[in-house]
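Below you'll find a set of structures to go through.
Each of the two complexes below includes subunit A, the first together with subunit B, the second together with subunit C.
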Partner chain A sequence: MDLFWQLVINGLSLGSIYLILGISWGLIFAVTRTFHFAHGATFVVAAYAAYLGQQMGGHLILAALAGIIGAVLFGLAIERFLYRYLRRAFATPLVIFIAALGTLITVENFIAMGFGTDAKPLEGFPIKVIKIGRVGFNNLHVFMFVTAAVLLIGLIFYLRRTKNGKALRAVISNPEMAEVLGIDVQKYFLLAFGIGSFLIAPAAVLVTIERGATPDLGHWAILYSFMPVIIGGIGSIPGAALAGIIIGLAESIGIWKISSQWQLGIAFVVLVIVLIIKPTGLFGFRVYRGKI
Partner chain B sequence: MKRSISIGSLIIIFSLLVIYSPSTGADPKEYKIGAILAMTGAGAWYGQVMSQGFLTALDEINAQGGIGGIKFKAVIEDHQSGSGAAAISGFNKLVNVDKVPFSFTSYTAPTLSIIPVANEKHVLLLNGGAVGPKLVKASPYLFNNRMLAVMHGLGLAQRAKERGFTKMAALFWNDDAGIGTHKFVEPRWKAMGGTVVAAEAHPIGTTDYKPYLSKIMAANPDFLALWQWGKDWGIAVKQAREMGFTKPIMGIEFTPDAAKIAGATADGYEAVTDYFDPKGTDSWTQKFVASYKAKYKNEPEFYAANYYEGVYILTELIKKAKAKGGDYWNGKALREALIEIKRFPSVYGGYVEFNPEDGTCKKKTALFVVKGGERIFQKYLEIQ
Partner chain C sequence: MDYLLHILIMIFIYAILGLSFNLILGYTGLIAMCHAAFFAIGAYTSALLGIHFGTNFLIGILAGMVITGMVSLLVAIPAIRVRDEYLIVTTLALLMIVYTILMNWIDLTRGAAGLSGIPRPSIWGYQISTPFSFVPLLGGFAILCFLICWRIVHSPFGRVLRAIREDEIAAESLGKNVRAFKIWVFVAGGALAAIAGSLFAHYMTYISPANFTINDTILIFAIVIIGGVANAWGPVLGAVILVSVMEALRFLEISPVIVGFTRQIAYGLVLIIFMCFRPHGFLGEFVTAIKRKEEKKINSATNAEKAFSALSQRGKVEELFQFPNGSAKSATILQLAGVSKSFGGLKAVNQCSLDLQTGEIIGLIGPNGAGKTTLFNVITGFYSPDEGSIKFAGKDITNLPAHQITNLGIARSFQDLRLFAHLTVLDNVLVARPRQTGESLVGIFLHFQRVAKEEKENRQKAMAYLEFVGLADRAEELAVNLSYAEQKLLSLARLLATEAQLILLDEPASGLDPKVMEDLFPLVKELVKYGKTICIVEHNMEVIRAMVDEIVFLNAGRIIARGSPEEIMKSPELAEIYFGV
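Right after this comes the complex of A and B.
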């Protein structure tokens, strides 16, 4: 039974990261309907900006701040100078998707050229091991869970209680109608990219503290960014959050009786099962109504 | 009539001379060699340091005018961190387009996949990185100038027994090298009176070890054995300690970048591995380290050292093959030279001695313990 509870704890910390990835990508996709594959590049940029910040003598908190700033600037730049340009040129969603994929690969390669391919860890987090019987975890895992909860609650609050948040929900619900009502849709596209990129940065920093940053993390990040959104239901922030936790738990508990090496496959099994039972995702019906 | 007879005689005599005179063997314009390395993908770090190692040696030799005035040229192909298909494609190019008679190789799976072509085209292969058990006796054209993992694994088992452990948990790469090492060590460990309470295989380059470590911790072993290489052991050790795993961790790899990742959590980690000490007193070691540092601003580790050493082994082969006369710039002649020489100076200090029967070698192997990010030499091991 020790193993089961160990796997639950692992699943919650892993799921917390998936939750952050899911809500950050989910917001961007819900608002702009852009399959933002370059979100993985934003993750890598945040990780390396934080690493660079620390190498320049910054404290871990300043390094994390550098990561957030780097991610937001990168996300805004991608929307402003790439996607907006492509939309104005009447590019098809496939063309935009390919451009985003190309951006991810390019960024990963440039980072590999500049920083090398070995893992770059962020130092300075005072790790404290917590043991309950033979179940072990640490304060970083707790911090991941708390961070994810704070970001989720903050985002939901922002979308429901603020003027800009309500405008974003209007764009999610019906962009054409929102435009007719005088909402500057392009401005809110940019805002969605800014918030989405802001949200992904803490996940990048936490993963870098735990495992170190590598250029190929972008592919991992984008995979676990859109999977919770599809499972949770496109347009539903709570759905993406719940799906992130479900994937984390399923991946972790799934290896209880089977070999650990099949962990990634478990996430896809969950994806396929959900899509077969409910093709619109767990909270998919809300997409049409555009509720958050 | 007389004149035509004498001309005919001259033609016959000249033809006979051409046919029966021993060939002097034409020198190539340059000694073009190949390398199949992990230049991209999760293991790109290996490709980087390995290529830096042999390029350092090539630059040194070329700066002195090459071998008898003939300079080296290297063509590097990418196996994308373990892809057999990419390795075959790159190797075919090296053999058919670049016409190389010698190639460096790395990683077990790509090396095994290019062997049929190497056998057919008689290309001598020198591996200084891969450690998989399947490389033993894999081809008459494959030689390994690093000790293979199975020998290091056996050394680790001997050390674990010496420390009085019985319950082993193993965490290893899910490839020929990792699985092969585990399969080789497991029965021998059991024969020593030990048991294996957990065996977890993971993909190369894994960055989240929590699932594997969870199972290992639940099995309550006496120690954890790592059949991993590169940076992976550093991440695994760090995450194990940060999950509260307090039992000893032993492995068959030490690399400075992994130690940097692990930080203080690596303290006490024991490694049985090739003994290349960049701070060693051997004059050749010092010359190599100085040359490498000047070029790449980093201290070399043993991967770079193996490939650097490989170029100097090749240099000896070329000299030996050329001295024998005939066409010498081909894999057959180079292989024969290697079998004849067998024992070469090693940049580790001492010698590297090849076993022509199975392509393996003997080199300095030692037990280290990590403290403060540095590996501290404990003793040389005589692996039985």
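Right after this comes the complex of A and C.
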């Protein structure tokens, strides 16, 4: 039984990372309908910006700040200079997707060229082991969970209570109508990219603290950004959050019986089961097969 | 010399990968990230069979195709069921899982160390081992794959794929099983990629997971994008360019590690730059337009005929709309019983019961938001009703999918037309033709003659429908280049080409100029003589008055009145509802 609780705690901390990835990408996708594959690049940029910040002598908190700033600037730049340009040229979703894919590959390999492919750690987190009975975990796990909870609650609060947040929700539910009502949709696309990129940075920093940053984390991050969104249901932030936790738990508890190398396989099985049983995702309210 | 032959062989292998991926990405518009995984499965299957059982490489290729086909089927079925973004996710996951298996199932795959000692292929006892003898073998396979892809995309099957890429709802409304088409093309693309994998394994004699990472998927993307999306020659050109560049980079005097990164950066930048400035690659889709010259001649012949007004073509009409048993008048063809459909709290259609008789023309009117279009969507299977039942020609169609309903004989037009914008006018109509043998992969490879014969007949029929609406001389134009009125006429021709008995027209008159309406609508009205039944949603009361036998008045999802145009239009209450107070 101790093992079970141990795995649950591991799963919650892992799930917290997936939660952050899911809500950050889910927000961008819901608002802009852009299949933002370059979100993985934002993740790597944040991780390496934080690493660089620390190498230049910054404290861990300053390094994390550098990561956040790097991510937000990168995300805004991609939207402003790439996606917006393509949308103006009436690019199809396919064209935008491929450009985003190109961005991810370019960024990952530039970073690999500059920093090498070995893991770059962030140091200075005061790790303490906490023991309850025979179940041991550390304060980093707790910190991940708390960070995820704060970001989720903050995002939901922002969307429901602030003027900009309400406008974002209007754009999510009906972009054409929002435009008719005088909402500057372009501006809110930019805002969504800003917030989404801001949200992913803490996940990048936490992962870097835990296991170090490598350039190929980009496509790992992007995969675990979509999965919660699809399992949770497109357009639903709480859905993505719940699905992130579910994937984390499933992967972690799965290790009980299966070797840890097959974690991804477990997530994939969860994904396929959800797609078969409830194709719209747990909280999905619409099946988008194009508007009829 | 051997080195140049090696480059040529690599071009063949990547051309096969590009060709197969072009089917999925270019023609159908499906985004799949797992092409490198298909490549890997083909390579490992064939290699393992060769190493452990000494199987002939041809059998290895077949086994690789079968296993890849099954894996792609497993991925495609749940993912394609809903929406295309799901496929990106599941295929990306598949790619990473296959890589994990290759790395970690040490007993089978020997992990990162890879498989070595894969036997060279032999044919009739003749061992193929020098690059010189590999060239004809791989060249032969590349040509075979090219021909297979050529056949697929230039067949009715390929036409449906392009239609799906342009507008899948419209394709569904014309009776095409969109999901099945997507799944089959995905499986076919995967199986062809497996051929490249097997050949690669037997040529290299050593494979490792490093050959099959996401970077290879990106390379295949780049091959298709650079060469030309949805162009049969595009992937060949792309493979020539990228493989040459890849090999040329080796001669630069930098460390191999840096070369690897540079290459990836180059691919990435190429993708971005092409998407920004030349999204269709070097060879766009429409380079193929040259081959259509011959058909132009047929058109100029019909041009003269077009000088007649559409009205003078009664004979043509009879030929197009023969109805086998014209006697069925007054049989109930469509029967709605208590049909309801809600969206959230809104009852868009509320307890509608309605009978349509064969040969009737019914006008469906009501204020905006009354549920007219929703009712169309429910009848044609795009929405399934929450309650009630729908019967067509005595058959319960309540929960049938849209494409089956169309094939039974109900077709509908769309307010926003939903033409296949980047297909020619003629292809738009051809897609709509029912029961084409050439729309199955089995058909196009086993029944050459039947497909050719049907295609010829369908072309004639399609041209006749275009003449009927007066668009015959625009047959080779892309639909997107037509004026709005012409597009409207094309959507009507496409609808009629389905040969459906019950035709649902959603605002056919809006956007047409009065002259065209005067010419066309009497003809449409005549269709009932040939056993058609027509239901029209229209706001133009002139058109309604001129066309319909009876009006059904819909308000807030309910049918509140039914009667002759005179009765309905006289009623002050209805006028009040219709025009508002």
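Note that the second predicted complex is superposed on the first by the 283 of 292 C-alpha atoms of A that agree within 3 Å, B and C clash if a C-alpha of one lies under 4 Å from a C-alpha of the other, contacts with A are read in each partner's own complex, and residues count from 1 in each chain.
The definition used in the following text is that a contact is a pair of C-beta atoms (placed from the backbone, for glycine too) under 8 Å apart; a residue touches a chain by one contact, two chains touch by 3 or more.
Keep in mind that what you see is a predicted model, and the values were worked out from it rather than measured.
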Overlaying on subunit A: subunit B and subunit C, fit or clash? clash
Which of the two, subunit B or subunit C, is in touch with more residues of subunit A? C
Pick one for A:103: touches subunit B only (first), subunit C only (second), both, or neither. second
If we overlay the two complexes on their shared chain A, which of subunit B and subunit C does A:61 touch? Say first, second, both or neither. neither
Taking the superposition on A as described, I'd like to know which of subunit B and subunit C A:146 touches: first, second, both or neither. neither
So in the superposed three-chain picture, is A:112 touching just subunit B, just subunit C, both, or none of them (first/second/both/neither)? both
Between subunit B (first) and subunit C (second), which, if any, makes contact with A:272: first, second, both or neither? second
Could you say whether A:181 touches subunit B, subunit C, both of them, or neither, answering first, second, both or neither? neither
Per the contact definition in the header, classify A:82: touching subunit B only (first), subunit C only (second), both, or neither. second
If the shared chain A is used to align the two complexes, which stretch of subunit C, 202-210, 400-408, 490-498 or 562-570, clashes with subunit B? 202-210
Please write out, lowest number first, the residues of subunit A touched by both subunit B and subunit C across the two complexes. 112, 259, 261
Flag every residue of subunit A that touches subunit C in the complex, lowest number first. 35, 82, 85-86, 89, 91-92, 94-99, 101-110, 112-113, 219, 222-223, 226-227, 230, 234, 259, 261-262, 264-265, 267-268, 271-272, 275-276, 279-280, 287-290, 292
What does subunit B use to touch subunit A in their complex? 41-42, 44-45, 48, 174, 200-203, 205, 207-208, 210-212, 214-215, 217-218, 220, 231, 234-235, 239, 241-245, 257, 260-261, 263
Residue set of subunit A touching subunit B in the complex reads 2-3, 6-7, 10, 13-14, 112, 116-119, 121, 123, 127, 129-131, 134, 136-138, 140, 210-212, 214, 216-217, 251-252, 255, 259-261, 263
Which residues of subunit C touch subunit A in the complex? 25, 29, 31, 78-79, 81-83, 85-86, 88-90, 92-94, 96-97, 100, 103-104, 167-169, 214-215, 218, 221, 225, 258, 261-262, 264-265, 267-272, 275-276, 279, 377, 382-383
